[in-house]
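Going in written order, the chains are labelled A, B, C and D, and every chain counts its residues from 1.
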Amino acid sequence: MAGNSFGTIFRVSTFGESHGKAIGGVIDGCPSGIELNLTEIQSDLDRRKPGQSAIVTQRKEPDEVEFFSGIFEGKTTGTPIGFAIHNTNQKSQDYGHIKDSYRPSHADYVYDQKYGFRDYRGGGRSSARETASRVVAGAIAKQFLKNVTIQAYVSQVGDMRLNKGYKELDLSLTESNAVRCPDPEVALKMEEYIKSIKKEGDTIGGVITCVAKNVPIGLGEPVFDKLHAELGKAMLSINAVKGFEYGSGFEGVKMKGSDHNDQFNSDGSTKTNFSGGIQGGISNGMDIYFNVAFKPVATVIQGYETIDKEGNKVQAQGKGRHDPCVVPRAVPIVEAMTALVLADYALINRTIKL
Amino acid sequence: MAGNSFGTIFRVSTFGESHGKAIGGVIDGCPSGIELNLTEIQSDLDRRKPGQSAIVTQRKEPDEVEFFSGIFEGKTTGTPIGFAIHNTNQKSQDYGHIKDSYRPSHADYVYDQKYGFRDYRGGGRSSARETASRVVAGAIAKQFLKNVTIQAYVSQVGDMRLNKGYKELDLSLTESNAVRCPDPEVALKMEEYIKSIKKEGDTIGGVITCVAKNVPIGLGEPVFDKLHAELGKAMLSINAVKGFEYGSGFEGVKMKGSDHNDQFNSDGSTKTNFSGGIQGGISNGMDIYFNVAFKPVATVIQGYETIDKEGNKVQAQGKGRHDPCVVPRAVPIVEAMTALVLADYALINRTIKL
Amino acid sequence: MAGNSFGTIFRVSTFGESHGKAIGGVIDGCPSGIELNLTEIQSDLDRRKPGQSAIVTQRKEPDEVEFFSGIFEGKTTGTPIGFAIHNTNQKSQDYGHIKDSYRPSHADYVYDQKYGFRDYRGGGRSSARETASRVVAGAIAKQFLKNVTIQAYVSQVGDMRLNKGYKELDLSLTESNAVRCPDPEVALKMEEYIKSIKKEGDTIGGVITCVAKNVPIGLGEPVFDKLHAELGKAMLSINAVKGFEYGSGFEGVKMKGSDHNDQFNSDGSTKTNFSGGIQGGISNGMDIYFNVAFKPVATVIQGYETIDKEGNKVQAQGKGRHDPCVVPRAVPIVEAMTALVLADYALINRTIKL
Amino acid sequence: MAGNSFGTIFRVSTFGESHGKAIGGVIDGCPSGIELNLTEIQSDLDRRKPGQSAIVTQRKEPDEVEFFSGIFEGKTTGTPIGFAIHNTNQKSQDYGHIKDSYRPSHADYVYDQKYGFRDYRGGGRSSARETASRVVAGAIAKQFLKNVTIQAYVSQVGDMRLNKGYKELDLSLTESNAVRCPDPEVALKMEEYIKSIKKEGDTIGGVITCVAKNVPIGLGEPVFDKLHAELGKAMLSINAVKGFEYGSGFEGVKMKGSDHNDQFNSDGSTKTNFSGGIQGGISNGMDIYFNVAFKPVATVIQGYETIDKEGNKVQAQGKGRHDPCVVPRAVPIVEAMTALVLADYALINRTIKL
């Protein structure tokens, strides 16, 4: 309701500000009996954490998760899983320079307008730091969905676009480079480009593509809760996301129906997959794939003019250690949100037949 | 939960199949005291209904709404508004040809897999006929949001794209032509193109752009229920939608942060609006604008090969009176879903301060 | 949210005022594949309807349900079931006498205060007529729960109390008399008593006891959504209900733990059942039983002093054809709400294990 | 959904087992701008905590709450309030004796049946220790509802019943004795009685009465979410509760309508208050009062026969430090749940008019 929970049965509620004591959450509705691999959870957190390479923010946060409940003798118990990630690097003094002014294209201004005041220590609740909690919940959802493979990767940085579909790529190479692009040659160019952007004190946008394989047939609820509608909401809820398309997406509008229709094979699979694994909002067993567009990060290390609370013009400058491009660190977040949607819809789907 | 409700406070639950007795719904949480203009509601229904021009399906359905409750002496009472649109043109005999086979890129196959059987009379619940109920609810939401202007229009058909932003267009011209494109010259070309597609027995996709003006500052809930995330879900839940982008969208990924950031004027408005009226998931008072991609309609009036329930190959052919391009009739649906999101979020926003 | 929906998975949303065109609802989340017996649904409606005996209101309403959707070839399809019961006996002119005054212990005053105005034609939305929609939904829930037996009966009228537990009674006799008390001798006395109350132009309260047998073990969610908590809410949501107790109830507070504890048999059943079939909020396979207290109906056919909208004292008098005692007609409502809770919790319980 | 959240707008989700690392929760939807008095929060926790007097369990748990988020410079920010109460006294070795057997009238057996296994360290999630999280959330809700007074007290222990209504009592005396009964004389007798029960190694039930004054008119949603229905659910969700009645309650069924109806004064208040401050499910501005029945605690320090997982009969004995009577410590829990309902409904009520 107030926007800090996601999912209906498999449901995570998160809390925490960038500069508070801790972030964390409660995962409710996780089925009992899942043998949890805690190393894999931490591993996804490490893929998201700052300081992991030269092209991401150099802040140091260990991002270690502490579980409070819901796990007993290595298995989920069916009761809520409470957890926290303690903030060890709060340094709220870094943010004195933004206390009285609004950073352009940040949430500073709207939070103040909405709530009557704001937590001016960094992004507060609007900081992408919150997504670490999603990664924890998503990593558990992945373990519930053990037969499903969810793989995201960077397919575009600025106007450098990977001109291959996911089937032409070896997705096992995604983690082999700092950009998380499975084409090593393109990855190298992207990395150089991000470094040059960083040197300018500027930022650049990008696109993440995600593929989910072996999704069971039948996930997705008709009408308002179509599977791709919930995936779209999940992705658009990630900080800095500006667009979502699945299957043929925006390019598909140019096609004719006779070309776009996916003809059936005898086993119910389809010869093409412009549908992106979803028909009528329901998974059809084919690969689900989609693109997520991220804008350039708003914090630039350049001087700019802005306004203070009274509307006076003030000069300001970005400080601190920010990401020149958000997509490399957002890959595990996209995967986590995908896993949360699929886990929730897999559970909902247990209830629809006699 | 089962996917037939939308919204949390201002909430519509719809029912009905394309070939059942009636479609309709219940609108709960509509505030009391709204003086309803029933003519405006019917007018939006008429914009969606079949048979309104040469480039849409020639089926005849009057689509008259009957209200059962929730309105007294011309005003909403605060109690649920029940309504139905009776199906006068059921002709389920038209669909004998699809009873035993699955139409490609339709929901036939997945419904059968999910529910164990299906209502084979046309699309059943997966038919876009359901969206008439959304238009009713959306038309009421519009009347609640009386200071907000919501205008959608067709900005692309196939690869014919309107090369002007919404600010360069006179949106009052949208309803002046059958395509619902506010540029009369382009509209004419699009109309000719759709006619040629229809003549081929084929279909084509398109894009609808929507603009909401005078949206109050502060709508949107942080984290999972960001305003654009809910708008995205709303749009993606419409039949045939493949993509959603707002503000700078997919093009924005190519920009640098220093160019993309929207600098403030003294009054809190911004000089540019790449943010699309939403920052951190919360409306900032600038125009909200977004694009919605629609695939080509799956029903083509051409022979094709498909499979039956046993997986045998069968020859089939589209029959009936279908839309060669869905976007002209989808314009009021996009507006309705936009209104539903904004009405709901306006009510939620009443609860967030002491 | 606005209070007109019940259940999370198996969810009914109702609409309609006592003097509007129709009442009805949407049942969402009803599993596909249930062979519906429509006669049984109408039969439960007939048990609730006015005019069925000398001790209930003599209004005439046929209360026939019309289904719009969600049923195909005799089975539920998994899509929402829309339905309406048309009001054939609106006679809103009967209520001119209450238009400008507030009836004591009715909802007139609070509706006016809450919504800014009210539908003064009878009870409007606060009328118990709404419960007919619950009976429809509950009758479908019963058919989903085919192995569960739900039997309610009148156990008290005024201070005439049935001094036998449900195990000592032949519940098949409940429908053999107008009171719906399974002890024919006591039923006769209760009937006479209600007739005498009616003659006085007065009303009297009562208690309904309900027993659910063969409820599977495991229904009920820990902590806030305990099975008895949801049953309690369900019952308290019925018009005129003032109290709920299950198992040992209010009498149980006088017992010592050593007497109250239900000792196990080897098969997991218990020797006694003070727990009322629910332990820790979860069904344990024993009979679930509970009592529901109904106040005397507020409409009395006697003169009384009350106030109008301006706070002036006015003389008023009950008119129309009202129930002298609500419990005989409330028996199927109690059963319906019980079925709705059990159906919903049975579906939720499918999601809790790996 | 999985039962660990309460409320729709003002919503708390709790986590934690009796013998895990911590219990705690997330409060979402708490409005921004509330100046929090942390001492009052801790004070309510202290009223609930073990070891506070001779008639409650002698376990030692400090029950100190740690807030992680949602509070900045002493005020709520409108973002979720995450908190934990660390378990300092886990002693799970105390529970080896119940690992393989099921305690009668506890949740052991049903948890095992429902989830496939159980956390056998004490009550796990079914322990009343969870209610400490409710007290934290309720204490914040109380501060939001600053004009409303919520006072609960013990009105019955075993068959010792306070024969005075709340208006005849000085509720400021409630905290003056260990039982929390506002009549000092009766309190003394109750205390002696509980001590004698404790000496027997047995337990006894009780009743808590709660009164809420100055509740604004208009809280409560029609039909399913009547104010008393939600209060009833809230109370019935508390461990060991067997019954709920409000206003005239179960006694009211014996009254005639002409006596039971609350006649109006000119200002809209009523001369009597059998309605218990709620009419048609909506608060009418009069005092809200209700009774909550608690069964005797199931853990008795006496030998008993029970079964193990295989259904074999085994001898067992209650150990540890348990409450002979739960009501003295449950008083702040009843108040907390009342505050949560009223806070939530006060926020919902902001959305119902134009």
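Points worth noting:
In the analysis below, a residue touches a chain if its C-beta (ideal position, glycine included) is under 8 Å from a C-beta of that chain, and two chains touch if they have at least 3 such contacts.
These numbers were taken from a predicted model, which means no experiment stands behind them.
The chains in contact with chain A as well as with chain D are B, C. Between C-D and B-D, more contacting C-beta pairs join the chains of C-D. Once the centre of each chain is set as its mean CA position, chain B and chain D turn out to be 46 Å apart. In this assembly, the C-alpha centroid of chain C lies 26 Å from the C-alpha centroid of chain D.
Residue positions 1-5, 8-9, 14, 29, 32-33, 78-79, 114-116, 125, 222, 348, 351-354 of chain C each touch two or more of the other chains. On chain C, the positions that touch chain B within their shared complex are 1-5, 8-9, 11, 13-17, 20-26, 28-29, 32-33, 66-70, 72, 75, 77-82, 84, 114-119, 121, 124-125.
Contact residues of chain B toward chain A in the complex are 1-6, 8, 14, 102, 104-107, 109-111, 113-116, 125-126, 130, 156, 158-159, 197, 200, 202-207, 217-218, 220-226, 228-230, 232-234, 236-237, 242-250, 252-258, 260-268, 270, 274-276, 279-284, 291, 293-300, 302, 304-307, 311-313, 348-349, 351-354.
Those residues of chain A whose C-beta lies close enough to touch chain C in the complex are 8-9, 29, 31-34, 78-79, 144, 222, 347-348, 350-354.
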